[in-house]
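Next come two complexes, and both contain subunit A; in the first it sits with subunit B, in the second with subunit C.
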Partner chain A sequence: MRARWTQGAARGLASLADSALFLPLLIFALILLVNAIVQPGLFQPRIVRSNTASFAPLILVAAGQAVIVLSGSLDLSVGAGMSLINCILSAIMTDSVGSSALALPAGLAAALLMGLVNGVAVAYLRLPSLIATFATSAIWFGAALLLRPQPGGFVTPWISTFYYLFLGPVALPLLLLLAALGGWALVRRRRLGRYIYAVGSNEEAAYDSGVNAPRVKVGAYLLGWGFVFLAAFAVTAQMSSGDAYMGNPFTLNSIAAVVVGGISLAGGKGTVLGAMLGGATLSMVINIIYYANVPSVYQEFVKGSIIIVALALTIVYRRRVPRLAGTGP
Partner chain B sequence: MNPVQTDSAARLFWRENAKALASFGVVVLLIAVGGAVSSGFASSGHVLMLVKTGAFLGFLSLAQLIVIVSGNGGIDLSVGAVASVGAVVGAALLRGQDANAATAFAVVAALGLAVGLANGLMVSFLGLPPLIVTLAMASVVNGSIYIYSKGLAVSATSSPLLKSLSNGTTLGIPNAILVWIAVSAACGVVLKYTRTGVKLYGVGANELAATLKGVKVPRFRFWVYGASGLISAVSGLLLLGYIGTAFLDIGSRYVLPSVAAVTIGGVSIQGGAGGYLQVVAGTLVLTVLSALLVSLQTGEAGRQIVLGLVLLLLLAIYGRERTRGGSLGFFSGLLHKRRS
Partner chain C sequence: MQLILELRGVEKRFGGVVALDKAELLCPAGKIVGLIGANGSGKSTMSRIINGTLQPDAGEFVYQGKRTSFRSPMEAARAGISMVYQNLSLVPDLSVWQNIWLGTEPLRPGGFLDDRTARARATELTRELCGWLQVDRPVGTLLPAEKQLVEIVKCLARNPQLLILDEPTAPLERAHVDLLFSLLRKRKVAGRSTIFISHRMTEVTEICDYLVVFRNGRTAGTIDFERENKDERRIIELMTGEPVEVGNARPRTATGSRPILEVQGLTLPPKLRGVSLTVHAGEIVGLAGLQGQGQEELMLALAGFRRFEGGRLAIDGEARELRHPSDAIRAGVALVPGDRHHQGLFLNHTVYLNAVYCRTALPKTPWFMNRAGLKEAVRRLCADLRVKTPSIFTPVGELSGGNQQKVVVANWLPLDPKVLLLSDPAKGVDVQAKAELYDLLRRLAERGTGVLLYASDNEELLRACDRILVIYEGSIVGELANRGLTERDIVDASVRSEPKGGRDLPGSRRVNA
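== the complex of A and B ==
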């Protein structure tokens, strides 16, 4: 009886160590430990809630970037896109409930349109995603500036009240994170999800076995930008105003989060959950720097160093466990 | 699979130059449009000024080019941060004196080489993805400059020699342009006619073939990243001479444009092909386009939108990847005959 239990535990541990999530979890746990040391009361419900609220945008945009990276592309325009969505929301929303009912679909439509443009440019025009999305990011940023030359504007107060309203553990930021996870879980096991991994790991082979690779790539961009919309919505709720420069840091941070989350930039390897953990890890790094009284001049240096260490760990780990190349949950 | 490898040398040569010529054609077109819109835009003085401004992006794009050509997803997003180091450390060591120039140059070059080799170590020997390694390295390097300068602006300035190199003129032609021409010529020779150049394209085009020919690929790429860092740091020194004083993220705004300049010139981001002439053309397209948009007084918003649209258009014309599952398209068909 007991032997069987230990066997089961051992097998469970072995499969955990084998999974692509192991390393992101390990790094997350390490950073969480450091964060708990420097920030007293980290696990108090109040602090957990406020941290969830402030971490949500990066975690969500990391999920969006993850889907796109898994399909073998990259998106340097997610930050500028978040700014544009934020400016659209702040331009449409007034005090009336009707305006919010109009603003949210408009923001989502804009997000999906941006995803579509990027997807078509990469999949059908076959432009290198790195440089094509750099070009489109200029367009999104320009459009955001057009809507809001100076930061400001007004967002219905209910949005931020609602964002910070907690009914026990249930709150909007948490729901947004669960929506992203649930959305991906629905897609992951279906055809689009499997094809995203297939196209990401070997486009030629996927094409040869009858997968419409360009369409799958566009699908990945659309899904990813759905998550980018959630991220922009979270940021808008946090700031309750519009700012065309708001999204800038999210572009590179989302890529860093994806990598810390164990996703290969070559595509096809890793998990969206890992990327979300990576987003939380990076957010905590910024927390730590703040609470450890590290002078702010060290922030860039520490952030870069942690990414490099996380990367190096990935390699050491991959060398030890060749089977990590599998896709995992 | 890759038609470049099976082409004759003559056709390859023609194709590369066709791309560069097409880009130079775009430059001429943009200047003509600028001249039609605002008087003085197409004047020789203004055009020389534009080319001179482009020189600094051109140097950083050279650093970017060699890394991209070396293949295997090669890219260097730390060129801007390393250029900042070159400018800030250079300014601190020069303290406005020509006497310190040799020391400043040596230290800056060594620092750039060291950062580049650190990138190369992680990319080439540890097998880490170049994009994120060099991105993280940019954070580390920029962070180090913040720490070094304690977040304050650096008050030191460049020296007279450096100023004249970056800002002076010889026979009416800005020295920066003369330096750029010399660098371009040297690149043409090194990339085409030396063992190192041949190796660079060989490693980028077909790693296995290069290995079988006896090239130690990881070690070679390691040094390519080192060279990229070295060129970036020295470019930062020249940028210091141009601007006069160093500030913390003096180089940051050149990072993505350096990648854009390489691709706009028609160099494949997949590596293995593409000469510096194309990059010079791509750099000029970007520089003249930005200046044109400024002179159109569209405001920042309009400028960004048009810049993005034109970049997409140029990429769609001659920056496309060759993958299966579709035609090569009308425009690229004009540039080079399609092989079935």
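== the complex of A and C ==
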């Protein structure tokens, strides 16, 4: 009886250690522990809520980047895209409710359009995603600058109010995260979700099997940019204004989050949940540096060191466990 | 006889290379049609045209009585055509059952994947051919033979009107081949059509009702096995054309001279399984065999690019261990690699620089090189080898294929290699340059170099070599002295060396001495 129980536990542990989520979870837990030490009261509802609110943009954009990376591409323009969406929202919104009703669909349309442009460039024109999205990032940034040469503008206060509004323990940022997770869960259970993994793992084999690989890649970009829109919305609610430079750090942070979250940059391996954990982990790193009173001159240094260690752990571990490596040793 | 597929006058070009030249392929419905031909005869190109991964430049394509042409594998799949690809169409990160249904996933209402059904049905489908496989394993972790079986199950699961199998048996054991054949016969009973592409003569004569032979992108002939004899000699004749005259073969007996390259039981899984061979000083030895029997891997291993797991190697009587290409170069081994654009040359660098790079691998490279002396040496070498280049400062990429290949060979000459390995050096080289290249090899051999030459074209081997070794599934299975040899003898030895029943141990096969 007891033997069976320990056997079951051992098997459970083994399958956990094999799971693609194991390392992202472990790193998340470690960072969470450090964060709890340096930031007293981390688990108080008030602080949980405010942290969720400030972490949400990176977690959401990491989810978007994750979908794109899983399909075998990369997007260096998500940050600039967030800026542009932010500037569009701040340009259209006034005090009236009607302006919000116009601004939000306009922002979403802009996000999907940017995803479409990137997707078509990568999937149909067959441009390397790294360079193509680097180029489009300049376009998005340029457009954002045109709309808002200087930071400022005005965003309906209801967004901000709403963003920090709590329904008991539940706050809107949490709902945004759950919406992203739920959306991905739906897609993953459909053909598109399966094909995103297939195309990312081996595009030619997927195409030869009768998968419309280019369409899947565009689909991944569109879905990813849906998440980018949510991220931009969260950031706008936080800042209550428009800023063309706002999104810059999100591009590379989202890629780091994706890798810390256990997704292979080669595509096809990993989970979106892992990437979101990665986004939370990175956000906490920034938190830790703040609360540990790291002198500002060392902040970047410490942040970089933590990220490289997390990355090294992820990559080395994946190499050690051939089952996760896909193609074997 | 009702035809399910009619292809007439099909032409396909890749750049300047003609892959198919008015090829014809007629498939009777409900039969198994064999498609056979030498390397590069256009079999794979034809099959890729049928299933929509390639589009023909010209020709007539009639499927099920209707003129069509498929622009993608999706369209072909919708029309009931499915194909087992030579290099497989499996996604490494998806599991066995996910791969089996890739592109045709069973769905629940609302467009959601019905994974439970898919997994259960996949388990059922694999039972017959590979019941031991856990369907949850990622395909990337499977062995080559297991992958091949999954690919076959995947195509059979679609129950296609027309199934194309491009070399499905290459990594399989005989027992699995038998299983596959019984499944193909079942398809026949159900009235489904199959195209079976293979290099293995015995398999083709065993399973096919009808045989189409390709040669140089044309249909060389067809044999209806239901009416005509299964005459292997005639098939080989159709494959190779008229027996080739061996004009300028200059067979030499090198037994008197000292062995310069001795290889004993070289093993490098999965491709090389105990290769033993000897090359003597002054001898040109050819390496023949079907495509992908380990020729390229053998060359790379001998040049220090792959560390072999078993076996011994001696160069000029001295035992050597090659840990790195530079070890091989220092031991006096030079490789002219098969892919000269990627492995042999720095295309956008000049002829001069390309010649200099090789010398840096020598143990006693001076810190500073004598530029003037080097330039003079490179100029002399180019003149010697008749390299046609405007100047030695022309980027190599601007030369013709033949001249590029001469530059690759020229680079190694100043190092005075004891052993020269060449991996398909005449690929994409015109006739004139080819002749010059082989003249050069002969001159080198006369200076005492041992040459090991792998060429995908048997005719080249006949022209250049003193002795021809036949490689099959990673070991040497035959040795032919080049005296009155014809292309047919080589094809014969390559095709017939196929094992009977199960996986043989190397060496237990017939050796044609």
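Throughout what follows, the second predicted complex is superposed on the first by the 312 of 329 C-alpha atoms of A that agree within 3 Å, B and C clash if a C-alpha of one lies under 4 Å from a C-alpha of the other, contacts with A are read in each partner's own complex, and residues count from 1 in each chain.
We take it that a residue touches a chain if its C-beta (ideal position, glycine included) is under 8 Å from a C-beta of that chain, and two chains touch if they have at least 3 such contacts.
Just so you know, these numbers come straight off a predicted model, no measurement behind them.
Trainee: Kindly say whether there is room for both subunit B and subunit C on subunit A in the superposition, answering fit or clash.
Mentor: Subunit B and subunit C clash in the superposed model.
Trainee: Where does A:G210 make contact in the superposed view: on subunit B (first), on subunit C (second), on both, or on neither?
Mentor: Touch partner of A:G210: subunit C, not subunit B.
Trainee: Would you check which partner chain A:A109 touches, where first means subunit B only, second means subunit C only, and both and neither mean what they say?
Mentor: Neither partner.
Trainee: In the three-chain superposition, say which chain, subunit B or subunit C, touches more residues of subunit A.
Mentor: More residues of subunit A are touched by B.
Trainee: Between subunit B (first) and subunit C (second), which does A:R194 come into contact with in this model arrangement: first, second, both, or neither?
Mentor: A:R194: touches subunit C, not subunit B.
Trainee: In the superposed arrangement, does A:K303 touch subunit B (first), subunit C (second), both or neither?
Mentor: It touches subunit B, and subunit C stays clear.
Trainee: Answer with first, second, both or neither: which of subunit B and subunit C does A:L265 touch in the superposed model?
Mentor: A:L265 contacts subunit B only, not subunit C.
Trainee: Applying the document's definition of touch, where does A:N202 land relative to subunit B and subunit C: first, second, both, or neither?
Mentor: A:N202 sits against subunit C, while subunit B stays out of touch.
Trainee: In the superposed model, where does subunit C crash into subunit B, at 238-246, 346-354, 382-390 or 472-480?
Mentor: 346-354
Trainee: Does any part of subunit A touch subunit B in one structure and subunit C in the other, and if so which residues?
Mentor: 204, 207
Trainee: For the complex, which residues does subunit A have touching subunit C?
Mentor: The contact residues of subunit A facing subunit C are 189-191, 193-194, 197-198, 200-202, 204-212, 268-269, 322-323, 325-328.
Trainee: Per the contact definition, I'd like the list of subunit A residues that touch subunit B in the complex.
Mentor: My answer: residues 74, 76, 121, 124-128, 130-132, 134-143, 145-146, 149, 203-204, 207, 213-214, 252, 255-256, 259, 264-266, 296-305, 307-308, 311-312, 314-315.
Trainee: Which residues, counting only subunit B, touch subunit A once they are in their complex?
Mentor: Of all residues in subunit B, those touching subunit A are 73, 75, 122, 126-129, 131-133, 135-144, 146-147, 150-151, 256, 259-260, 263, 269-270, 300-309, 311-312, 315-316, 319-326.
Trainee: For a test of understanding, state which residues of subunit C touch subunit A in their complex under the given definition.
Mentor: Against subunit A, subunit C makes touches at 53, 72-74, 77, 83, 85, 88-94, 98-99, 102-105, 107, 111-113, 138, 140-141, 154.
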